[in-house]
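What follows is a pair of complexes built around subunit A, which joins subunit B in one and subunit C in the other.
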Partner chain A sequence: MDEPLLSLRGLTKAYPGVVANSDVSFDIGQGEIHALLGENGAGKSTLVKMIYGLVRPDAGTMSLNGGAFAPGEPSEARRAGVAMVFQHFSLFDALSVAENVALGMETPPKSRELAQRIRDVSEEYGLPLDPFRTVGTLSAGERQRVEIVRCLLQEPRLLIMDEPTSVLTPQEVEILFSTLRQLKAEGRSILYISHKLGEIRSLCDTATILRRGEVVATCTPSETSSRELAEMMVGASFAAPEARAHAPGEMALEVTGLSLPAPGAFGTPLREVSFELRRGEVLGIGGVAGNGQDELLAALSGERLSPRGTVALKGADVSRDGPIARREGGLLSAPEERLGHAAAPNMSLVENGVLTASRREGLVSNGFLDWSRARDFAGRVIERFDVRTPGSHVPARALSGGNLQKFVIGREILQRPEVLVVNQPTWGVDAAAAAAIRQALLDLAADGAAILVISQDLDELMEISDRFAALNEGRLSPARPVAELSLEKIGLMMGGAHDMEVAHVHG
Partner chain B sequence: MDFGSISLVLLVASVMVSATPILLAAIGEMVVERSGVLNLGVEGMMITGAVVGFAVGVNTGSAWPGFAAAALASAVLSLTFGVLTQLFLSNQVATGLGLTLFGLGLSALIGKPYEGMKSPTLPKLDLGPLSDIPVLGRMVFSHDLMVYLSLALVAAVWAFLKFTRAGLILRAAGENHDAAHALGYKVVRIRLAAIAFGGACAGLGGAYLSLVRVPQWTEGMTAGAGWIALAIVVFASWRPWWVLVGAYLFGGVTVLQLNLQAAGAQVPVAILSASPYLVTILVLVVISARGVHGAPASLGRPFHASQ
Partner chain C sequence: MITLEKRPQPSRTWTFLAPVAAVLLTMIVGGAMFALLGTDPVAAIRTIFWDPLFNPQFASYSRPQLLVKAGPLILIAIGLSLGFRAGVWNIGAEGQYIMGAICGAGAGLMFYPSESVLIFPLMILAGALGGWAWAMIPAFFKTRFGTNEILVSLMLVYVAESILASVSSGLLRNPEGRGFPGSRNFQQWDAGANRDLVAGTGMHWGVVAAFIAVILAYVLLTRHIQGFNIRLSGEAPRAARFSGVNPARVVIFCLGTAGALAGLAGLFEVSGPAGQISIDFNSGYGFTAIIVAFLGRLHPVGILLAGLLMALTYIGGELAQLMLSVPGASIQLFQGMLLFFLLGVDVFTNYRLRIGKREAA
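On to the complex of A and B.
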């Protein structure tokens, strides 16, 4: 490879109290897919913001195609051929696809012409999109396409992608990867940020690994094992969860014929969901996003009440009990949406701890909060789960996604649940922290708790579950021991062919 | 009771006049809210416009300098709100309420010497053959220029928001200010411009009250018109043409109930006086209940460009 497209030399950026990037240097070649790896808070976002002109470096230089490159604002970076797909999509729900695309362009053409160009580009790269749909009605995968198409219309030379696959189904990931490979074949470069080591190994040509704001290594990911990559990221060996043999205990949670109408226009109804969960057991529930995962969690946590006789906790019917009663009974839950559902964004970590743990941890006496115990509880969660935060007084929204995830999961685990229901427990969390969360779940099960893990990460479910079931359009397949499963069988279960034998006979 | 004394032609004609101040204030506030800012100071800006417009009109002997001064004064006043909420991140609701109280007090102070005076007013336009059309000519085509300017402004705002890039960027700032910032748009600047525009519109509305509609200065003469403008924006679901419908509806019921009072209708006066407020809100609630609500997603949320 000849002259690099983008060279970073000695980039440094400090914020009060923290050095986000320190002397970062690396090159991105022409037509290269370059991975940027690092734990939460390693400084990836700051680095990317400097390249995209959102943040100015304190020191260091960048050059693009040999010329000096110091964008003062994103529009300057865009003119220079740098485009970015954001982690949290920077889209406007109430506007149409075409309007969203126009907002990201320097000189958008007339709307009819733009619509045609959107259609052309989306067909060329296999990303079907209707320019006149309102963005609020699109799925996560489609919304990402809007961002990608918006970038592609500007003929970028460097495309920055911040955790692009965290919200995609496996099929959508495949489509994205073939698009990225096509872009690479056209000579464009991609800076690819992800936690998913498997993806990086299959997609990227080169990887730069950041730790605490510094470059610790540059390597060829296809020649490096996931474990080595992860170790370089965290700087220490981490333990993969231990498999364990155990005999399931007594019945903890029993769901029989649970049907609930869809909660809203965009929800999924639950249809005759039945399963049982015993002490010491981990049941994994997979399925493509939007097939009833959130609705199932709401029905189990008590947010939505279900018909009598459908949910039994330790043999007692709790179908008509709300979340507080179920928590007292030992059934705890952690929903997927971190900000706004699992945690109140503007309240501190201490207050967020009180919100779910007040009764089980005795943080309230005679109606008054016991602040010192509450601070102590939040402190224990922070310490035990390595939540990176200046302290327990900071508001939940100030934490990065992965760190907040550690907090909301840790908060439930430390309350010694008898039954724990979690949805996407390691979403957006880096490899080491994800391993820690999984290990904590397994430890909890080993101590006799019953655990229900809803996740879209199949590898995760295979790793920690004893039994596996899949949600499809609100129906739950029968649970099967993980040891009996093959990838093909899982695919059939997720696709809705619940009775695999029958499917095989006819197929 | 004598309903025969109510002339339909005069009724429609006076509806257009009585709706114009609210229409001006509401269309301005709609632009402000579409950019993501909730300015509850409309009443204060209107009455400031009313008093400044009146004073300048009296002193110059002409209404137009009065309108210009009113727009300018209210825009400046609204920018104090803008600076406080956008740069110093003060609470928008509290600051807006403060702006209303401040405007009411300031206008009373400025207006003291002008009480009981008569101001120059706007001439009725002669639209030639249009004005000569029987009935319709007197109803619709025989008003002063401001009435037509206010209608043109609704059309202009509609076209601006729907067809122009600047309008798209303004809506983007109101929908998701973080995303707009990430794309490199200057959210604070956009919002300050919208706030100033909203202030100028409210000022024009106030001046229309004191220079044309009444035309006189009395303390507190806006009598809640600014609040009605705010309500109309919400119930019109932030759509310009529905703002027009709401303002004319309110103006219409106001004029009708005055005529009914004059005709001696057997309904308590208090209920008649309250009827414009009740009817407008009722009708707009029905409209907004069935359609899309479409509040700008970032409305009233403070924006700080922190990294």
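On to the complex of A and C.
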């Protein structure tokens, strides 16, 4: 075997109260796509931050191409040839692609020259991108291309990608994979972080699995089953959602010709959205981010009111009812954005329980809050959904994204909704917890609730939905039974990605 | 390199320690300032913080003054704090205070010289209503047209001041006042006078109202859903909307409550310590209360203490000017330092200092 590009030896990093990484050692070879797998809190982020120079290890060494490598800050790592595409893009909506790229460079070239380089790189790697488009008008997939092109302009030897496919359509995923394979063929290495085991099995050469900050296994993913990979991550076998016989009952939620103007400059208008949802049924709504998901949720939760006759709950028109009245009618929802929308960052979990459960759980009587019942409710959510937190008194922002997600979804599920609308229910949640959330949604449906799942994770939608529809620029396709669909058909229903037809791939 | 690192949750120790540290820092830096001005710093600090309460010569006068000055500050600040918690920035309490005084005094004087026991309650009601109505103007424009309540409420202060000037030399002028501007003196009219409940303590109805407001605000914010909604609206407006809070109602409630409390403060002042409506009736309580609200961290108990502390620095400051002949500006500087250090030290409640290489955890 050739000398590895990057080797980690005994990396250890501890934070007060928690050891994020303990004695982590592995090698990333030249021209290798190396997967890093692990649950939330397994220490993937910390590890990657150490490689990228954001965090200094307490102990252990790294070597890059045989030489010692200890970046003190990201710019040092970048100079050494390490680039990173973050899960959450750091782009300015109001600036153009070229301006955004220039912001990340230490000595940006002239704008025309930069635009040409962006064009060259994007063509070379099959990532079509117009340097002068405003980022605010790009789809999530295109934004990711901006980030990738930004990295490629630095001619990196190691590219770190954190959960890159979570916002992409299947076609966009294919384009991304071709690009990554092309990079690999050029001898560059990629450290690929993902929860999606199927992707890792088809793309990656080697996988390192972290659990509680330690390396538990290194394997060849194509020779290992998804189930085995998942079990290594979790350290125990976990239950995949059970298939179930689906017997739709009476009408629960009926949306007819729902149109709403865009809420802001970068929002999406809803255009004639119609669907129906029966008891015991799970309707999956797919689509690339920014095609009206948030707007649809707001129109269903009651945050935005719609014209009379557009939203009917159990046969009664609720179009003009606010969130409280809809909750009392049994329509509950969980928005995608956890901090600031589904939960108040600086308020405790107890208070965040009151946020939606005050009426249904009887946490308020005569206007006065019953804090002991509220504590009890938050405690039940924490216990039932395995939310890892020192207690219900901590503020929501102190929780990791996945744990807060479990709390936010659990808070609604425990209120026994008749209709539950969730947006990205397992976004950023580890495999075991995601499976638990999906199972809870299915159990709820089995008990006769109607579930609407808005998600960008198609595997998830295929796994739990009975019927599937896609949002594209605020329009909802007709819903079709999942059994009749193929991944290709779904991709076409979703459309959404601009420039798809020119996205041909070299080499 | 020195960096600030956000704490995962606010430090409880620092929440309590910060005000104490701020007062100590103010004493040290303020003491240095007085020393530079050629005044004995220890004497200056003692005159400001100690003599008003415990000096046998001055305490009998200044101790009641403490309550007289703190009462309106606390009453107004409590109302303002509700809005500030919700992200509703009412800067015009001074105007609401003036309008409360005018309406309350006017309602009482309509019945002069009646000695009915109903007159004082009527004045209280009219005072609260006057302040409330004045605050409803920015509330209406904000909820209806999305105007900025900071500007509207502030501008209305100047309108209120003009109305005050007008009525004190017109509508409410004392007919027996030989042409001098200013209304009848309430201290000379039993039915409308807000006197000390226990003579010589400074404890008048306005101070009682302030204490009641502290308790009610505490209960509202910690136990009542309306208080919860107010806090939620300030912490996370989108989450509040998701929860089902109607933002317009929160704006109206917060502005209305603040206006009514400021109006009450105005009424208790005009019928008590001030005695009459006059052109220079208002003395900036409505603006100082903004400082008191933040000094008390928008918490009712904090506001109670901050109001007393603020009143103390006023009285002590006057005393220092009188006894040590320090310039008035230095006293204002001293008060400014107190606010500055409090807000400065407050950073440590949410952040911790880290010396060394920067890390993003």
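List of remarks:
What we mean here is this: the second predicted complex is superposed on the first by the 451 of 507 C-alpha atoms of A that agree within 3 Å, B and C clash if a C-alpha of one lies under 4 Å from a C-alpha of the other, contacts with A are read in each partner's own complex, and residues count from 1 in each chain.
In this text, contacts are C-beta pairs under 8 Å (C-beta built on N, C-alpha and C of every residue); 3 or more make two chains touch, one makes a residue touch a chain.
Model, not experiment: these values are computed from the prediction.
When the two structures are aligned on the shared chain, A:113 is found in touch with neither subunit B nor subunit C. Residue contacts after overlaying the shared chain place A:93 against subunit B, while subunit C stays out of touching range. When both complexes are overlaid on chain A, the residue A:104 reaches subunit B alone and has no touch with subunit C. By the touch criterion defined above, A:155 reaches neither subunit B nor subunit C. In the superposition on chain A, contact of A:75 is made with subunit B only, not with subunit C. Look at A:459: by the touch rule set out above, it reaches neither subunit B nor subunit C. Look at A:174: by the touch rule set out above, it reaches neither subunit B nor subunit C. The larger set of touched subunit A residues comes from C, when the choice is between subunit B and subunit C. Shared contact residues of subunit A, touching subunit B in one structure and subunit C in the other: 15, 49, 54-55, 73. Considering their complex, residues 15, 49, 54-56, 72-73, 301-303, 322-324, 327, 335, 337, 340-347, 351, 354-356, 358, 364, 367-369, 371, 394-395, 397-398 of subunit A touch subunit C.
Only residues 15, 46, 49, 53-55, 73-75, 78, 86, 89-95, 99, 102-104, 108 of subunit A touch subunit B when the two sit together in their complex. The touching residues of subunit B, when paired with subunit A in their complex, are 165, 168-169, 171-172, 175-176, 178-180, 182-185, 294, 296-297, 307.
Against subunit A, in their complex, subunit C makes its touches with residues 8-10, 223-226, 228, 231-232, 235-236, 238-244, 246, 357-361.
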